[in-house]
Structure formats: C-alpha cells, structure tokens
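After this come two complexes, each holding chain A, first together with chain B and then together with chain C.
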Partner chain A sequence: MITDVASSPPRRRTRRRGGGLLPSPGWGYLMIAPALVGLVALYVWPFLTTFGKSFMDVPAFGPGTFTGVDNYTELLGDERFWQALRNSALYTAILLLGLPVAVVLAALIEQVSRGRAGYRVLFFLPVVTLPVAVSMVWRFIYNGDFGLLNYVLSRLGVDGQYWVADATFTIWAVGVVGIWMSLGINLIILGAGLQSIPPDLYEASALDGAGRVRQFFRITLPLLSPSLFLVTVLTVISALQMFDLIFVMLRSVNNTALADSKTIVYLFYEKAFVEFDQGYAAAIAIVLLMVIMVATLVQFRLQRRWVFYD
Partner chain B sequence: MTDQALRGKPEKRTTTGSKASRHGEWVVHLVLAGAAVIMVAPFVWQLLTIFKSNREASQTPPTFLPENPTTGAFTTFFGSVPFWAQLTVSVSALVLRVIGQLAVSALAGFAFARLRFPGRRLLFGLFIAMLMVPSQLFLIGQFEIIRDFGMLDSIPALAIPGMFSAFGIFLMRQAFMSIPAGFEEAARLDGAGPLRTFWYVMLPMARPTMAALAVLTSLYSWNDLLWPLIVTPRGNNRPVTVGLAGLQGQFGTDYPTLMAGALVASLPLIVIFLVLQRQFFSGIASSGLKG
Partner chain C sequence: MRHGKRWAAAAAVLVTLAATGCGGAGGDGKVTLSYATWSDDQKPAMEAIAKAFEEKHPGIDVQVQVLPWPEYWSTLQVGAAGRTAPDAFWMLADQFPAYAKGNQLLDITDAVKTAGVDLAAYPKAVLDLYDVDGKLFGLPKDFDTNGIWFNKALFDKAGVAYPNENWTWDDARAAARKLTNPAAGVWGIAAPLDRQGGYYNSIYQAGGRVIGADGRAAIDSPEAISGLEFWTQLHADGSSPTLKQLSDTEAVQMFMDQKVAMYFSGSFWAQRLYGDQALRPHVGVAPLPKAKQRATMISGILNAGYAGTKHPKELAEFLIFASGRDAAVIQARSGAVLPAYRDTQQGWLDAMPEFNLKVFVDAVDYAVPLPIAGDAAKWTGLESQYLAPAWEGKQPAAEAARAYNKAINEVLAQ
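Here is the complex of A and B:
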C-alpha cells in the first residue's frame, strides 16, 4: 500500500510510458500467462470437473452418466464415510491438543539466552524428515510385540497395546506422531509471533512485580493470540487432509484395524485410485472441501472471542 | 520473520535479579532438553536398530546398543531397491519443480505487484481462492490431464502440477510490493522497460523470498507421496517416497532394513536443511502469511 502511494505522482505524469505501476496490459498479461495457463488447466478446470463428477456415475473407462445427487445420498448413508469423518475429526482434535505444548515450548525457547538455534534445529528435524520414513520408524516403535514404547511402558508397570493394530488406539497413535511432526513448524510461527512482542511490556510488568507465570498469561498469551490463531487454522486444515501416516503406518496385508482407521482423504484415495469409483470419490472430496470451509469459518467467527488485535 | 528475529535478540530481562534469572534459565534448559530428547528419541532408536540383526531388533526385551554391530541392513537395502534410480527421479523432479515454480511465481508475482492491467484484481482473487481448496480436489482432474498428454510415469508428470502454486505467486507478490518504488523509477529513468526492471532490479532484491520459496517447494516436492503414487501406475520413474512406502510390503518385518531405507531416503533433505536452516525457517515463518 505504501508503494502505491509513493509511486502515484510519477504514475500520473508518465502515463504513456511502459513500466512501473502504470497501465501495462501487454507485459502484465504476458507475465501472468504461464501462471494463468497452469492454474486454470491444473487447478480451476480439475476443480470444476471434480465438482461435475460428484453428480455422475463414472466407470473406470468411458464417459459417466448424470445421476444427480445419488453419490451424496449414498455417501450420507455410508457408515464407512461417517467412520472416516469421525477419524479425521478425532485426529484433528488430537493435533489441537498438542498446540498448548507448542506454545509453552516456544515461550521457553524465547526465555533462554543461549542455545536457541540448537533447540530450533532439533525440534525441526521431524519436519524435514520424509513423512514416509518417520511413519516407518514410529510403526516399529509402536509394534505390539517388541516395540520400544511397550517396553518402556512395561518398565513403568503399564500394559502395552497393539497401538497400530487395534482400532481403539490407531488414531491416537497416529495423532501423537502428527503432533511430533508438526511441532517444529508451529514453533517457528509462534516464535515469530513471540519476537514481535515489545520487550518493554515485560520490563514494565516486572517493575509492577509480575512474576513469570503471570507475565505469560497476561502479556505473552494475549499478544501471541494472532499467531496462535494462525497456527490453529493451519493445523485444522492440514489435519483434515491427513493421508501419509495412515497409508504407511497402518497399511499391511493383515492389519484389520485399517478398515476402522481410514481418514477422509484415505477413503478418497481408495475410491478414486484403487477402486476407480471417481464419481463417489469426487463427492467425498467436495464434502471434504465443505468440512474445511465450515471449520475455517467457525474458527474465524470464534476468533473474536479470544484473539487479541491491537 | 526478519533476519534479526532469526538471529535472536538481546536479553530482555533487566529487573529480576541476575542470579535468580540464571537459576531459572537452568530449569528452562532442563525442560527444553527433556523435550528435545523425546523429539530425537525415534531417530536414535532408528539409528541403533539399523546396526542390529533382524533377530536382535525384534527380540524382547530389546537391547539398547547393537550386540554385534552390522551394516547388513544397508547391504540388503541397496541390494534390493533401485535407490539410485529413485534418487535421480526425486532430485530431477525437485529441480524441475523448483525452477518452474520460481519462474512462474516471480513473473506473476511481479505483474500483480507492479503492473496494472484490466482484470488484475479479479485474476489475483481467483488464484488466492485456489489456496483454500484442499489439494485432493484437483487430483482426479490433474491425473486425467497428465494421462491424456501421455505423460504418466514420467518425471515432468511428477513436477508439473507443483510448479503452479497460488501460494508461491502470493509470496512473490508480497516480496515485490515491499520493494520501494524509487528503485523502479530509477530504472525507468534509465530507460529500462518492465522486463529489464524485473530482471535486473526487482529480482535480485527479492532473492531472500525466492530462497525461502525454493526450500519450501523442495520440502514439499521431496516429501510428496500421494501424487507420485497416482501418476506412476506402471512403476516407472518412482521417486524415493513411493519406493520407500513399497519397501514395507517387500521387507515386512525386516526392521533394520526398513530403518536403513528410511534413513538413506531422508538424509539428502536433512543435510540440505542443516546447511540452509535460515531459509527453511524464514520460509516457514512467511508461510504464515497464507492465513
């Protein structure tokens, strides 16, 4: 916006020449042409065809036939779909439970005068490790017979479980991995938010005799709320689209728990690219879009209650 | 995130007693170190397992250090998986995608930030709207386009959809908007047209954002599983991720080999991260702009 104001006088004076913020339709269209072609061909058009297909019965080969809202009515009566929706919702809720941990850790990292960079790198490692690789490691750790987790639990006197082979625990087990994987990203975004809090606020409140805990709840948390809101929105959007962890941690020939642990996107993948039922898959994708839109909208509504903008 | 923020900032505590705060800092370090241990533990366990025999890796109670350290897991992995071919595919797709995305995003970002043309706002709005749609919605249509062009099982098929990113365009637009107009006017007075201004004046100044966008794109490209899985139905030109996911079916419970594969496949990006930490962090911080 500043740039607009700053460049407006020359814009008026040199209207006829090319360049700057003056009208330059030729160059403008030429420069957005690659982006426009790609986005329309690979995003806008696929979006429209998926939307169209959700109202059609599409065989593996050949054209589809229009069936109205059949896919949607079938979807609403499909227990596997509701199961997948519940699983995705539970996974999302578990990831949100991890956010307080991220806030506390981000605040603690800001507290130390040395070693900040080191902690950031360590916490960030899971982010830059292949999700597929991470899933394999955790699958081994979760193994019911000889996994590390059950061994540690047995030393603590707790009974082990078949974490990734018993549908009671699968989403929780995967959710813990999800928290572990996304912590590094959240710490960076929250860290940026923390660094924008003016230090003199802490100085002033310390003069007034406020302790660390009081400062955290009275200064840090309110001023961090815009960043926290952003992290919450991003977490919900990405958690509702979880696919890799289920695909690698649960998929095997004899894991019966997979049937009850599918997420929306996993169900979508199976319908579209394993069973080639594209019409039904398209309807799943459209419902996912609506779920994400509603979830995001609700969060934007709720933000008025807890997000503090100055 | 600014450079200053990344480097850390001066001590902010002034009034609390220095002895007490140093005391408090030890507690903070203790908590952070504890959390760091939990974060790193899976990697440590992975490393230890690699050097165990399969029998030792699946015995109860587990051993901590390998009893008879062996590198057999690596031999098995490299002997049965075309890893170097998969690596070539992953790297080629990554390079193609990063170059493509930088070019497309920088051009469009510049046009949206610095040029005026009819429909600019409308088109930008259209691009931004695509940010909110979950990527799965595009998969079927993208797959059909790639298939209809006869590009299934090819490296460009892996890279092309990722080249066009509304997020990248948005990020570059923000970068170009923040460059003071004076630079542009100076270039114009010297007789430079939009293309020369873009190439010689604006692009060099947007380099930090381009670096951040490049590392983020690399991360997405390297980690992607679902799209490569879909566009390589015949199994040709499969990247590291798909190969690794397939390893599980092949080796089932040979955990040392699986752990070795997981390590080898992750290592390239971990090394790049350790070298380019700053770009990774600023990339993630600026992806916050998305919301």
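Here is the complex of A and C:
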C-alpha cells in the first residue's frame, strides 16, 4: 500500500503544495509509529521479558538467575496450579452456560416494540459499573447470615449457604456474577446479529407454516451463529483471565474457601506480588497464554461445523 | 478479554500512582519528597507531620499519598523495580526482609547517629523486628499490642464479671460459654484464624514458639499445640461464630454489631470503635488472659525510605523527623495509633479517656516481636489451608500443627 502510493505518479494536489506530501515510505512508518510504539512498549516488550523470566529464578528485586525449565517442571507438579486451572475451566464453563440466556434475552429484546433502548441500558449498566463496587454488592447479597439471597431462599423454605465462604459453591457463586456482568456486551453483539437477519425470511417461513419456535431454531440460530461464535470466543478468553471477582469477593482473612477457589490469574497475582516469586509467576502467565491460544484455535476449528456464513 | 482489560487498566493506574510518587526537584529549586501510606484514618496526622517538617525545612515539600491497602504492596514493589517508588513509605515486618535483602531501602544508620537519635526511645521489640546486622533502614513510627476488647453491656446482660488482669485461659473459656446466647444471636467471643491478634499470642502464653531458636518452625511443640487448642476449643464449645460466618462478616464488624462479647485484637481498632457513638459506652479493654505466662505480639510500622531516591540526605532527615518526638505527639493527639516514641503515648490515652487503653501500653513489658523468618509471606499464606480444618473441628489441632510445621519448614528450606 505504502509503496504503491509512493511510486504512483504524483497527483496534482501534492504537486501544488510544492514539496510532495508523501515523499517516501518512511512517512507511512512515522504515521503508524504512535500505535507501534504503544504495541511494542505495552505488549511485545512485556511479553518478551515475561517469557525470559519464566526460565529464571527472579527474586523480589534485582536480576534473576537462569534455571532452564525448572519453573515449568515445578508448575506441572504443583497441585495448586492444577486446582487453579480446574477452577478457571469450571468458571469458563459456567460463563458459557450463560450464553443461551443471552441469546434468549437478545431475541426477547428484539421483540419489544417500545423502549428497546431502555432494556439495553439496564442490561448494560453492570458492564460500565466498577467491578469492585459490583463485587462488594454481591458480597452482601451472598452473605451467609444477613445476605439477601439467603433471605429470599428462607422465605421459599430453602436452607441458605455460605456462598462465598464454602468452596463447594464459590466458583458457581462467582460465575453467576460473571454472567450477569458480561450480559450487557453479549446482548449488544447478539442484538446486532439479530438485526442483520433479513425480515423477509421470517415472513416467507411464516407463509410456509413455521411457528415461532421453529423459526428460532431454523432461521434465527443459524443466522446468528457468526455473532454467537464471536461471543463464545470472547467469553472463553475473558473467563480464563478472571481475577477481580475472586480478589474482591473472596479475599478475607478468614475465608478458608479461598485456598480452594483460586483461579489461574489469582495464583499468578499471588506468586508475583505476594510471594515475590516472579519467575514462577511468569511461567504461569506463559502457560495461561498457551491454554488460551489452544482453546481459541480449537474453537476456530470447530466453527466449521456449526457456524453458518451465507 | 474485558477482565483482562480491567486488569491492565488497574495496572496502568498503579504505575501512574507510582510514577507520580517519584520525587524530584520542583521548578523553584524545592526538593519534593513523596510519603506513601495506606491509611485514610491516619491521613490527617501524616499531613500534619509533613507540614511540621516543612516548617522546619522550608526547602523541602512533602507530599502524603494514600494508596488502598490491597494495592499498596504491589505498587511499592513495581515502583521499586521500576525505580519510581515513593521516597518515604510505611514498611511492615513481614515485608521488610525482601526489601532489605534486595537493597531497596535507604540505609540511615549514619544519619541517625549524626542526628543523635536515642534508639532507647523506641520499644526494643519493634526495633528487633527490623534489625539487619545492626543497620538501620528506618525508625519505628508506631506500635501495636493486643488485648481483650469486650462489650460491657453483653457481660452485664449475661451476669458475667468483666475480664481482669488475673484472667486465665479457663476464665476466658468459661466466660465465653456463659456469654453465648444462640437465641439472641450472640456469641461469647470471636475466634477467627488470626495470627497477630490470636493464636500467636496463645502459643507464647503457653510457653511455645512459632519459629524456634534454630530458625526452624516450632509450631508442633506440645506448648504451641496447646496454644492452638485454646482457639479450637472455643469453636468446639460453640462459643464463637464459625469461620464461614467470620469470613462473610469480619470479627471486628461482629464486635461492632454487638454480636460477639469479646474480641482479642490489637490497639489499632481503638479509633474505629471509639468513633461508633452507639458502641462507645459499652466498650471495655483488658489484658489478654494468661496461661503459663503473659504474652502479646508486638508489631509496628517502620518509616522507611527508598534506596533509589534522588534526595537521600533530605529523605533521611524526614524519616528521622517522622519517627521523632514531635511527630509522635501529633500522632498520639489524633488518636489514630499508638506512637512508638517513649512517653508520648499519654496523648493517645487522653484522646479516648473512656477506654482503658493503658492496657495496650503496659503490654509492652511482656510483648514478643512478631515471629518473622525466611519467606514469611509464603508460609503465612499457607496458614488457612493447614489450620482451618482444626478451627472447623475437622482435624485435631495437633495433627494440623504437625502438617503446618512441615509445610513451613519446606518453605524455609527453599
């Protein structure tokens, strides 16, 4: 592109200004420099140093010593790492369970003739609310003794639980909050997907005698599948990186469930910033990157079977 | 991805905070020192100290920054590694070894000597916490000891005599049982899994130690185990809310809600409890109960400086001032904390005359420095995993102690 512009005969506009607006390919690089510098400084360089550190024993301060793959072998033998990976996987699965909810809600919102924007705003609010504030509110809702959830359950005759203090429930409790918080974004993407479905398809199928349910499964779902695929990929990536909800909702001096509820990024945080074990933390980050890459790759492979592009 | 972005944004904020903390000479030739703390409660006192210092040193400008507690240590670490750490900051004993070993702290030994600071003015146990081969990397700002915070109204209602200085473990346990009233939702005591305010004290009261003289874990000795059993028995008696309850609602909140009659903890709660008008008239203070002997943990914050500062001379002057007598008097008057400097504590006692706070000052006589060894953050992080089963009654304290002891030694051996 850049060379094309440079080698094409000078246009009148540039000639009139005298100097030539695009004298060399260098200009092009200069134009993208701000973005490039940001990318290198904030992503590429940190990635390279993290990758390097993952093969070193790095103390809290000062240079590290090269230890080969020690961090990785220790990681693979660390039960706490596998548990964190299982927790992250469970959390991701729970968030994926929330996707059908998002599809149904998006379809319902499209049916609304008045105040559609109002509904979207309501569902979008959690997305733009501070996660820490959201987590604090949910901490109160989940409180075992005074929480709103247990109060409602008690009125229904169901025994309450210590949702965020009992390792049986923690990931599920946090997962519900995760679904609720990501609903807004998902509804926007799915809503846009729904609006791109030509209405005449519904009219034609109605003439052929298809009911609402049949239309949903035969028209809406296949034509929505590209949006659904995008939402699925984004959900898996963000869910595997979940940290803040555990950090705010479970961190308490006496939360004995925390030890069994750490996600992979929480473990990373603890290793890097609490225990000062940066090499080990770097290895965790690299493994997480690989997990996310594999998960995304697999999804792109699988999409051929279910995503419908017209 | 959104979570990732949030995390990245949080990191960016941290870096910015740290960056703004970097000291530098102002345009008018003034030297600017930043002073990082984590307590909003203490901000007014810290600013008053900064102002008092500036009056004596017109060429120096001290800026107090309050960082939220969860981010304080990651900010400091990232800042130190990136050479943008604040000039002066609060340091805690369990974090101290990593910073001292990593040469991140300004050595003020000579400056202290030149200034003629009398080290005997500080509690020896607190100085010992921060001792590295006789070098000084700061001076104590304040200290805290533990006592029994109790609710007189709940004691009166249950017809139980208030705790006094002769109380033994048996007295405490019996009182906790009598005070517990499930129908009213009241427990005799809060027995959280708490090192500093809880089981470390009872381990030393029983004559045990957390880290032995040989530098290895000693939490599996018969004495230490009986120190743990003091707490597990309170749970077995049903005299305390369960750990799950204490996780959802922290012990100090339970005490403030008047749901627990006793809470063994530090002097640092005084201001918050005093600030609660409804609670204030009911609060009493007594020394911790004794077993074989009297003991309480003592800890304290160190005013430390960053080795990479641009103004080491001015920084050393500020650190000495911030831990000196004048600053101590300002802190005491604010009521926020017990200042470390000798004979300045009266102001703190006078700030809250209704509370019998002298208990915490007298406790210095039998105080033991908080046990710190090796990678303390790492092995204390395992505490809940190993000891919670004993607190929850799923495992005998002796078994839990042996398993935890082994885990501590593994960390210390690394």
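As a working rule, the second predicted complex is superposed on the first by the 286 of 310 C-alpha atoms of A that agree within 3 Å, B and C clash if a C-alpha of one lies under 4 Å from a C-alpha of the other, contacts with A are read in each partner's own complex, and residues count from 1 in each chain.
Everything below uses one rule, namely that a residue touches a chain if its C-beta (ideal position, glycine included) is under 8 Å from a C-beta of that chain, and two chains touch if they have at least 3 such contacts.
These figures come from a predicted structure and were not determined experimentally.
By the document's definition of touching, of the two partners only chain B reaches A:Q111; chain C does not.
Shared-chain residue A:Y309: touches no atom of chain B or chain C.
Touch counts on chain A: comparing chain C and chain B, the chain ahead is B. By the touch criterion defined above, A:A257 reaches chain C but does not reach chain B. In the superposition on chain A, A:A165 makes contact with chain C only, not with chain B. Within the superposed three-chain model, A:P59 lies in touch with chain C and out of touch with chain B [touch as defined at top]. Of the two partner chains placed by superposition, chain B and chain C are both touched by A:D145.
Across the superposed pair, chain B and chain C both touch chain A at residues 127, 131, 143, 145-146, 185, 234, 237, 241, 243-244, 247, 251-252, 265, 273. Taken in their complex, chain C has these residues touching chain A: 1-4, 6-7, 10, 70, 73-74, 77, 80-81, 98-99, 101-104, 192-194, 243-251, 375, 377-378, 381, 384-385, 388, 391-392. Those residues of chain A whose C-beta lies close enough to touch chain C in the complex are 59-62, 127, 131, 139, 142-147, 162, 164-166, 182, 185, 234, 237-239, 241-244, 247, 251-259, 265, 270, 273-277.
Taken in their complex, chain A has these residues touching chain B: 3, 6-7, 10, 14, 17-25, 27-29, 31-32, 34-36, 38-39, 41-50, 53, 105, 108-109, 111-113, 115-117, 119-134, 136-138, 140-141, 143, 145-146, 148, 151, 154, 180, 183, 185, 188-189, 191-192, 195-196, 199, 202-203, 206-207, 212, 227, 229-230, 233-234, 237, 240-241, 243-244, 247-248, 251-252, 265, 268-269, 272-273, 278, 281-282, 285-286, 288-289, 292-293, 296.
Across the interface of their complex, chain A is touched by residues 1, 5, 8-9, 11-16, 24-25, 28-29, 31-32, 35-36, 39-40, 42-43, 45-46, 49, 57-62, 103-105, 107-108, 110-112, 114-118, 120, 123, 126-127, 130, 132-145, 160-161, 163-164, 166, 169, 177-182, 184-185, 187-188, 192-195, 197-198, 219, 222-223, 225-226, 229-230, 240-241, 244-245, 247-249, 252, 255, 258-259, 261-263, 265-266, 269-270, 272-274, 277, 280-281, 284-285, 287-288, 290-291 of chain B.
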